[in-house]
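Order of writing sets the chain letters: A, B, C, D, E and F. Residues in each chain are counted from 1.
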Amino acid sequence: MSQPSMSEALRGVVRRDLLLAMRHRSDVAMSVFFVVIVASLFPLGVGPEQAVLRMIASGVLWVTALLACLLSLGRLFTADYLDGVLEQTLLIPQPLAVLVVGKVFAHWVISGLPVVLLSPLLGLQFGLSGDSLWVLTLSLLLGTPTLSMLGAIGAALTLGLRGSGLLVALLVLPLFVPVLIFGAGAVTSSLAGIGSEANLSLLGACFLLSLAFAPWATAVALRIALE
Amino acid sequence: MSQPSMSEALRGVVRRDLLLAMRHRSDVAMSVFFVVIVASLFPLGVGPEQAVLRMIASGVLWVTALLACLLSLGRLFTADYLDGVLEQTLLIPQPLAVLVVGKVFAHWVISGLPVVLLSPLLGLQFGLSGDSLWVLTLSLLLGTPTLSMLGAIGAALTLGLRGSGLLVALLVLPLFVPVLIFGAGAVTSSLAGIGSEANLSLLGACFLLSLAFAPWATAVALRIALE
Amino acid sequence: MQWGSPSEFWAMGGYGLYVWTSFGATALCMVWEVLAVWRRQAAAAVERRDVA
Amino acid sequence: MSFMGINWFKYSSPQAFHPLAGKMIPWFSAAALALIGVGLYIGFFVAPTDFQQGDAYRIIFVHVPAAWMSMFLYVIMAAWAGIGLGLNARPSFMMAQAIAPTGALFTFLALLTGSMWGKPTWGAWWVWDARLTSELILLFQYIGIISLRASIDDLRRADRASAVFALVGVVNVPIIYFSVRWWNTLHQGASVSMTASPKMAATMVTAMLVMTLGFWMYSFAVTLARVRCVIAERERQLSWGKNASIQQVAEAR
Amino acid sequence: MFQTVALSGSRGERLLFSDVSVTVKPGTLLAVVGENGSGKTSFLRMLCGLLSPDGGAILWQGEDIRQLKELYTAQLTYVGHLNGIKDELTPVENLKLSACLAGDKSSGAIVQKALEAVGLGRSVHRLPTRVLSQGQKRHVALARLWLSTRPLWLLDEPFASLDTAATSYLTQRLQAHLSNGGMVVIATHQEIALPTDSIQHLRLAR
Amino acid sequence: MFQTVALSGSRGERLLFSDVSVTVKPGTLLAVVGENGSGKTSFLRMLCGLLSPDGGAILWQGEDIRQLKELYTAQLTYVGHLNGIKDELTPVENLKLSACLAGDKSSGAIVQKALEAVGLGRSVHRLPTRVLSQGQKRHVALARLWLSTRPLWLLDEPFASLDTAATSYLTQRLQAHLSNGGMVVIATHQEIALPTDSIQHLRLAR
């Protein structure tokens, strides 16, 4: 009887999503552009003073990263749902939560990782320097996978609903708040010279916690959505 | 030969979209919630000092309104495209640009107007008061229809493309920049006591200009997307 | 009893506006909720009779 | 199975629960009225003026009960939701559905009365402190659950999707509760509370507790009434289906 | 009278058909047949004006449709692969709105009659279309034909996923339209149970 | 052997079918027929485990599929209304990936052969599926059957929008699967050109 091994299925899921992204190279760049543009809008709205900008840098950059994640959540399951690939995924003889981890990982590679890699540059734009730049990058590296995982729950719950773009925002933004607070807090405290270990380890804890529960909740939500 | 009059067709288009929105009352509230939540994220990231918050209020609130418009653009044509209603709309024997105005108007009523109505409250949260609150509301009232119209062009151009959520952001955010600058500028100058008439009339000019050209461009883009 | 007169009571030591808005809003919301549930129940009952 | 002489399974079906709830509502309503009346009397006529905050502190008698209820109700709602998911029991989903609006209402009231209190004491309607923010987020969660349910019209999916979200959101409740302890904030923590002498504090605490009990009773009454509406509305939808006998088979499952 | 003159069409570098000249007279039906991917759908979309031809012209009463524009679209009813109905609205609302936008009569009673005529039972008239089955959604899209007063109908695989009852209702409706002097262009894989003298076949080859 | 025992199912408070008990023996085909909206699709999705039944049970080799879970999904291939293919990928890539996820062989040559077997010409093997016609997309979805080694096939209107050539290829493939001891459940409005002794009909009424 044919049956793929777990790692084979996982790799298959990741490969398909990355292949799709590669088909449109520009997709990968998209979340980077989004972050760059939105981050550049703030100086336009707020005014150009360096002191103010440095003060708001961590908050603005983190909120932007978070919005980029939010915007790209639509891609996570919707297309698969509409073209029937999702129901086929549910029929793969492997635990759904594992496959969800694969999908979320691919999503993060496409939409989260580029933002992390870009963040030092953005930090510079807002007048951050040295240590705090690194803390910013590290906090994003720890935080964005958590965002993707939490976001997946919301995306699965609102699958196929009207106006789900905004509904998913309503659902997941509250869940994102702790990540935002710890992430931005890490940068702020490093700017204040307090040391950011506490915040970073809280971020790590969030990551582990969501890794443990989010894929499972997402799997349940997907099954419900497809009933 | 049966043929609807122009106003009949226009009313039909608006009615269908509003009916759809009414079907899910919560949809209408959604962009309001989005704005409230995102606006609340900034203080979390930036920190709670009133002075800083008042300084960034205009920028943050305008950027938020702009993002709300952006997020709801997905609703403007995508659903119609996927279920074939859009191709039927193109076959209505009336100038397409007029029908586009109808669709954009309905979109604004659903996603822009609620934000305008809510803005005084949000201004209070950020420590604005008196005059500048009114200027904020007025600038949003003048600015958000412009955003909807400009956004429609982007939404039509990216119709049916993969990852269009971010692509549309990329296309329309640059177009939004003048509106953002004048809108946020109006509030800032009223805070500084300079008087905001200049900025507000520039916003009005943007509105008229986009009313003249955007529906036409959107119509052309829609025809291209459906080829 | 620390209130010399009704007006003193309503003034709440100068904080009347805040105190009475709080209590008033709370009362209003609760009454509104009760009425809303009541109306909903009445509507449901009518529908039930229609169906039966 | 019987527990304390009651056949619990009998009441786990909506049809049996409907009249039971109907019988309990008057009692809870009466208790709520009495307790809130007594609480208001103690609060306004027995408890003395606070020498630091003046009479503004009396807002505590609605603020704290409302804030507590907002958190309690969320936990209870999540518990019903969890039971519903675990046992696939429709009545527990109905309970969860019935609790959400009341929870949202109390959250809103906590925010409102809090800002009414904040203006005289802190000089601002709103500050971005951890507790206030997390309470605001709790409101968003309630709204999220309600709108999620509203956007799904398949009842089964609506029930279960909102249950999943309610469960996921429970993490926020401890954050609200401990926010004062974890972050150094403007909002007062549990221990600081009263500045008056211990004896007077006792009357304040009494008033607060009595009000809280009253709010509990009110919540019971309202949610039970609402659950009756929910049952009735769902029954109506059922009778739109084909024929009654088969529905009963499905119901008995 | 409706004509194509030396029409040729291609999709992305691939020529689908060329030099197609057909004439559809009032009271006749043109059945476009051919294998999967032979270009039937593309041909129909071209006739609607949704796709522009590579060469040749499409004439309505002797005038080019590119000149006529809205005057031409006011003559046709198109039912495509996609149903063109809103998932969130009920069948009745959907049909009312599309009739109203087409300028046809759209009172509740007329609309309900049309839905029943195509075989959609009253019990689902007030459900959101989203919950209907594949075939029932198709019914809603096709019910527009019962309201349409336009002379030219362009139908893309109208029979796909219809049950036998609905298929025969639709065939009768086509018959009635033709005997009223209407014109029909239809893309299909099935046989159409109509008198052969009113049918003309156009076979597209791959 | 595959069985349903007193299965009943409903969608949104509406009972679609109840007390359905059928047995599908190796080498036989169950054709689920009925009007539009009678519940064929829902029935098939229930057999996949995508939808939970209101009552009754579905047994695979005598064991309830709710207990078997992944052990059961490893036995079936489902082709639904929706094609389950990615518009942006080519037919070859699509088929390769779905074969790989199903644990079947998925080399380039095998996949191409499957696509040709269902009637999809080589010229479109390397185009993005998005540009293919309705019927050609369906070919890509159905080509999975040429690779599948699973014993149970669940097919929802596989013949809709296929041309006659593809229809006969598919029929032959079903025949081969049955004579290998496979089982097929199919929802359809068409007649199936297979020996009647291997076919069993289940009619759902509305």
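Quick note on the criterion: a contact is a pair of C-beta atoms (placed from the backbone, for glycine too) under 8 Å apart; a residue touches a chain by one contact, two chains touch by 3 or more.
Because the structure is predicted, anything quoted here is derived from the model rather than measured.
Compute the shortest path length in steps from chain C to chain F over the network of touching chains.
2
If you average the CA coordinates per chain, which chain's centre is most distant from that of chain D?
Farthest from chain D by mean C-alpha position: E.
Which interface, named by its two chains, has the most contact pairs?
Most contacting pair of chains: A-B.
Chain A to chain F: how many Å between their CA centres?
Chain centres of chain A and chain F, defined by C-alpha means, are spaced 36 Å apart.
Any idea how many Å lie between the Cα centroids of chain D and chain E?
That pair's centroid distance is 56 Å.
If you average the CA atoms of chain B and of chain F, how many Å lie between those two points?
The computed centroid separation for chain B versus chain F comes out at 45 Å.
Return the distance between the CA-based centres of chain D and chain F, expressed in whole Å.
48
Got the chain C residues that touch at least 2 other chains?
Correct list: empty.
Which residues of chain D are in contact with two or more other chains?
If we look for residues of chain D contacting two or more partner chains, we find 133, 140, 143, 147, 151, 153-154, 156.
Among the residues of chain E, pick out those that touch two or more other chains and give their numbers.
Residues 81, 87-88, 128, 131 of chain E each touch two or more of the other chains.
Can you tell me which positions in chain C touch chain D when the two form their complex?
My answer: residues 1-3, 9, 12-15, 18-19, 21-23, 25-26, 29-30, 33-34, 37-38, 40-41, 44-45, 47-48, 51.
Within the complex, which stretch of chain F touches chain D?
Touching chain D from chain F are residues 8, 10, 12-15, 18, 54-55.
For chain A, which residues are in contact with chain B within the complex?
By the definition above, chain A touches chain B via 20, 23-24, 26-27, 30-31, 33-34, 37-38, 41-42, 44-47, 52, 55-56, 58-60, 62-63, 66-68, 71-72, 74-75, 79, 82, 162-163, 165-167, 169-170, 173-174, 176-177, 180-181, 184, 188.
Inside the complex, what are the residues of chain D that reach chain C?
For chain D paired with chain C, touching residues are 44-45, 48-49, 54-56, 58-59, 62-63, 66, 101-102, 105, 108-109, 112-113, 116-117, 119-120, 218, 222, 225-226, 228-229, 232-233, 235-236, 239.
What does chain E use to touch chain B in their complex?
Its residues touching chain B are 48-52, 70-71, 73-76, 78, 80-89, 93, 97-98, 100-104, 128, 148-151.
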